[in-house]
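Here is the structure we will look at.
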Amino acid sequence: MYLPLLFIFPLLFISSQGSVQDFCVGDLSLPNGPAGYSCKKSSKVTENDFVYHGLAIAGNTTNIIKAAVTPAFDAQFPGVNGLGISIARLDLAVGGVIPFHTHPGASEILVVIQGTIYAGFISSFDNVVYLKTLNKGDVMVFPQGLLHFQVNPSKIPAIAFASFGSSNPGLQITDFAFFKNDLPTELLAETSFLDVAQIKKLKGVLGGTN
Amino acid sequence: MYLPLLFIFPLLFISSQGSVQDFCVGDLSLPNGPAGYSCKKSSKVTENDFVYHGLAIAGNTTNIIKAAVTPAFDAQFPGVNGLGISIARLDLAVGGVIPFHTHPGASEILVVIQGTIYAGFISSFDNVVYLKTLNKGDVMVFPQGLLHFQVNPSKIPAIAFASFGSSNPGLQITDFAFFKNDLPTELLAETSFLDVAQIKKLKGVLGGTN
Amino acid sequence: MYLPLLFIFPLLFISSQGSVQDFCVGDLSLPNGPAGYSCKKSSKVTENDFVYHGLAIAGNTTNIIKAAVTPAFDAQFPGVNGLGISIARLDLAVGGVIPFHTHPGASEILVVIQGTIYAGFISSFDNVVYLKTLNKGDVMVFPQGLLHFQVNPSKIPAIAFASFGSSNPGLQITDFAFFKNDLPTELLAETSFLDVAQIKKLKGVLGGTN
Amino acid sequence: MYLPLLFIFPLLFISSQGSVQDFCVGDLSLPNGPAGYSCKKSSKVTENDFVYHGLAIAGNTTNIIKAAVTPAFDAQFPGVNGLGISIARLDLAVGGVIPFHTHPGASEILVVIQGTIYAGFISSFDNVVYLKTLNKGDVMVFPQGLLHFQVNPSKIPAIAFASFGSSNPGLQITDFAFFKNDLPTELLAETSFLDVAQIKKLKGVLGGTN
Amino acid sequence: MYLPLLFIFPLLFISSQGSVQDFCVGDLSLPNGPAGYSCKKSSKVTENDFVYHGLAIAGNTTNIIKAAVTPAFDAQFPGVNGLGISIARLDLAVGGVIPFHTHPGASEILVVIQGTIYAGFISSFDNVVYLKTLNKGDVMVFPQGLLHFQVNPSKIPAIAFASFGSSNPGLQITDFAFFKNDLPTELLAETSFLDVAQIKKLKGVLGGTN
Amino acid sequence: MYLPLLFIFPLLFISSQGSVQDFCVGDLSLPNGPAGYSCKKSSKVTENDFVYHGLAIAGNTTNIIKAAVTPAFDAQFPGVNGLGISIARLDLAVGGVIPFHTHPGASEILVVIQGTIYAGFISSFDNVVYLKTLNKGDVMVFPQGLLHFQVNPSKIPAIAFASFGSSNPGLQITDFAFFKNDLPTELLAETSFLDVAQIKKLKGVLGGTN
């Protein structure tokens, strides 16, 4: 039976106190916790909190790796706080390299937007290597926490977007972890099996000490 | 003290039975469970399981909505099974519309690759509407389960990628749920407050019965 | 060997600092986060924090839908904060209707306490409709995020309790999302395929503008 | 701009292989896993899978505790499998007692449907006791894993529904765990500090041996 | 092609605001939430936050149970906050007993370091008892929320470490919950089936009242 | 009011079909899924499924790293399947080194049982190094997915147990990932910034090719 509606009908659902929480835009000025940042008051949330323009501009690839990663994680894009998702832009100039790295907290999907990317990851079981050349529109998934890399093997710049199943996936670049801090050279030699000369060379390049 | 390594050293880590599970490529022929598909045997997994080419081709937009959604969820791209992430390609021709829909199981990040997209979602609290025009490179997040839409307001075709924090986010298009099945017209009128004539018209368009 | 206990025995477990956290009664005056409200200090928690009387009274059904939903979510009943569960009372007068809606964050179990309820939900896959008449004591489950409704098809008022697998399941009523706000009529027509006249009529009924 | 729809429009969303998984009705004949039972094939799922009639009938309270718990967990009601929610019916005759027990896997919300229930739980921190008398329509929450009980202190039978934030919350009744099995009496005396005579008496009542 | 690195290369990854959150050392002075304590500012975190010395010293077993549990949960060891793991030390003198207890929020793995431990747990299904004698180096797992105990059946003191899959597993000792508070004797008799005399005796031993 | 119990009382809780699932001992012969292995039938589960003896024996440290890791993950110890916890034994002879590695799926707590261990991890934010010397009974936590190492700096062998907040934490040793497979030398040079000579040397030591 069809129900004619002729008059305004009153509120069906009355939330007597507090608000229903559809989202939790991060307020970076409040304390954060294990699940993310505290929520911005909903009365102050606007449509701008859900949009990020920072990935529209190419990252600066005039560096020695000829590449740039521009993140839109919760710290840059507080609208994703608590929603279990984030994104980053990858720019790889000709010869560009995103060196071996891991995301401690999430798996990644990469989609190539321009150019060609040669990518790979290494399984922790038997150290199996999975390598693929990805063209425009191709998608590759990198399971959580595993070492992976991306390089531009072609003659034109490459662009890709990497999505993550966490608003705070983390990014640990092995070279930076090893060579871009004050980790003592002898200790690193002992725990990485790298030669002292190799370590000193890369510490020099990356600004590490000790 | 630096440790010289002159000889092959034996396996440090011996997994005596079974395999360490870095990933769980879905085997669609085996039973699935609440957490996803059963895993393909790791001996049969190759690099091709982690790559999907289906998003490289534009979806067919020669339809009345002038738009197409091409998913790479676990059912199409079993490599994402269990990894908590998936992706889809959106093609919107001039005048294209992805009508109001929800993803029951995940939040979404949209990144515009070409053209302009006008998008919005509606909060469940006070029915607040959040609307934005997104240009190339802009990113917008749609919190889990909320009604949202995307349209192409410009004079050129638009392309976007939508990433999800689930390998199986689901997609429920309100029009399809209401008008593209055998849900009785009178019942739908009663539960949606839509006029019978309106319902019959849209059932006619979408192929619904009753 | 049986151990006779003749004297007071000292504390086995000494928590040297802080408290073991069995629960986290929400303090609505403190910031909330993605996982819920901050916890009330345990020294201030009493038995009253774990009990809610607000569902003992029938909701007011003298409205055009002849129905009422009374929630005991974390905002109303802070004792459930962080415990992954909440409840609501449904009152449906004769002819009462809870129109199509979703809960973005949780699945629902409905148990009928009085009268008869005709309920249904729509799958996102192939838009399959699942409809059932529920009598007193019958239970129905509505999977997370899917469109569903409840109506009272009988000659006596119906009462039900709906439980949710989240302390903050959310509630998005499609009609309210479409017609009870300032979403522009032409945009809604474009993204819902509804006729402008239909939209204007329902905006009129529900108090929407634009 | 409003979009007139005059013709059938083709499938917007084509799932090329497999199905979108909105739910996972348990198939009790297939192996289960840590997340629940394997899913029944969606082609075999009907509306009856989402409804359970077993709670419509009062449990048999003609026993020494004058009470009954009738569960609708995943093993009885496979429709809830994987959805993170379940329900049970409690019948307490006059003088009825649901003795101290825990649910290892979920928090519980109790709603009283008929009569009066006196309920309580014990915190693990400082062993604080929270006790309340609940009348018809009152709701109480019992945090996950904590010891709690329900008794009927009134002159009329009581009925309640208990909802859980898991499709498989478990139920461990302390008396049954201690006295309704072959746990050796001396070992139980040593680990519970109960007198041997008390243990033998209750083993006799509950059918325990050793 | 090998890429020579001759010069310092600039930051690849620039986090423009906020910090990437690898960990969340608990700040016990700030409000906690359902997911744990608020995070200590990362600028104040040192290596000492990740180390705990409190388990290096034997617990005092000169008590009537001849045993001690020394926890390193988030309240004692804030470095584990949010990381889903914690640990405790068990000391059992000759004849020592950790009486029946549960951890409401986590499963436990026990590893014996010294001596012999006789341990067991009780399943909630059919009250099945699982008992084992554990020697040095043996490991036993106790599923979440189930009643279990540990005793020292040997002639030498025993030491073990218990690890938990939560930074706040909780600990509810059944005797303490029943007898070490003001739970009224008659109510406990009714809900535990224990004799009043037995209850009064154990309340006397453990310091309970009422 | 105390309730005398003179007669056997019937089953309070009747599970009409299927079993309540307290645990899910892995059956390695059945398919696994994203949440772990399928469950062994409960009728076949014995106490032996919950105990593992494999950590009672020292790992063989007569190798070039003078160390051994012996895991009790779900593949070795199926009793932990689905319980979110596992453990491993570390043996470090004098001069022993567990080289830099990550666990992609879990945080780790290390407790030193014998000797002294010098351990450290590197944060992904600013590449901060956290280093500590751990003595017997000391505990250190390593947050999920971050590079860490352990060495024995003392004159006596060291033993430790490492617990993980997952039944399948994974273990990726950076040296093995880089040098113990067929990852092409030039590609590794390009993506790790290591010299070709260094790579060839370590591939020789570890058995890598290409």
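Order of writing sets the chain letters: A, B, C, D, E and F. Residues in each chain are counted from 1.
Criterion: a contact is a pair of C-beta atoms (placed from the backbone, for glycine too) under 8 Å apart; a residue touches a chain by one contact, two chains touch by 3 or more.
Protein names from UniProt, one per chain: A, B, C, D, E, F = Germin-like protein.
In this text, all values refer to a predicted model and were calculated from it rather than measured experimentally.
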How short can a chain-to-chain path be from chain D to chain F, counted in steps between touching chains?
1
Chains shared as neighbours by chain C and chain F?
A, B, D, E
Of the other chains, whose C-alpha centre is the longest way from the centre of chain A?
D
Quick check on chain D against chain E: do more than half of the interface residue numbers occur in both copies, making it same, or fewer, making it different?
same
In whole angstrom, what separates the CA-based centres of chain B and chain D?
34
Counting in whole Å, what is the centre-to-centre distance of chain A and chain D, each centre being its mean C-alpha position?
41
Note the residues in chain A that touch 2 or more other chains, in rising order.
1, 3, 5, 15, 19-22, 31-35, 37, 83, 97, 104, 120, 124, 131, 143-144, 146, 170-171, 176, 190, 193, 195, 202, 205
For this structure, enumerate the chain pairs that meet the touch criterion.
A-B, A-C, A-E, A-F, B-C, B-D, B-F, C-D, C-E, D-E, D-F, E-F
Chain F residues within the chain E interface of the complex
1-3, 5, 15, 19-23, 42, 46-48, 50-53, 55-57, 72, 77, 79-80, 83-87, 89, 106-109, 111, 113, 120-121, 123-125, 130-132, 134-144, 146, 161, 163-166, 186, 189-190, 193, 195-196
Going by the contact rule at the top, pick out the chain E residues touching chain C in the complex.
28, 31-35, 37, 54, 63-65, 67-69, 71, 73-76, 95, 97-98, 104, 168, 170-171, 173, 176, 201-202, 205-207
Given the complex with chain A, which residues does chain E contribute to the contact?
1, 3, 5-10, 12-13, 15-22, 24, 27, 30-39, 81-83
Help me check something: in the complex, which residues belonging to chain C touch chain B?
97, 99-100, 102-105, 120, 122, 124, 126-129, 131, 143-147, 149, 151, 170-172, 174-178, 180-183, 187, 190-195, 198, 201-202, 205
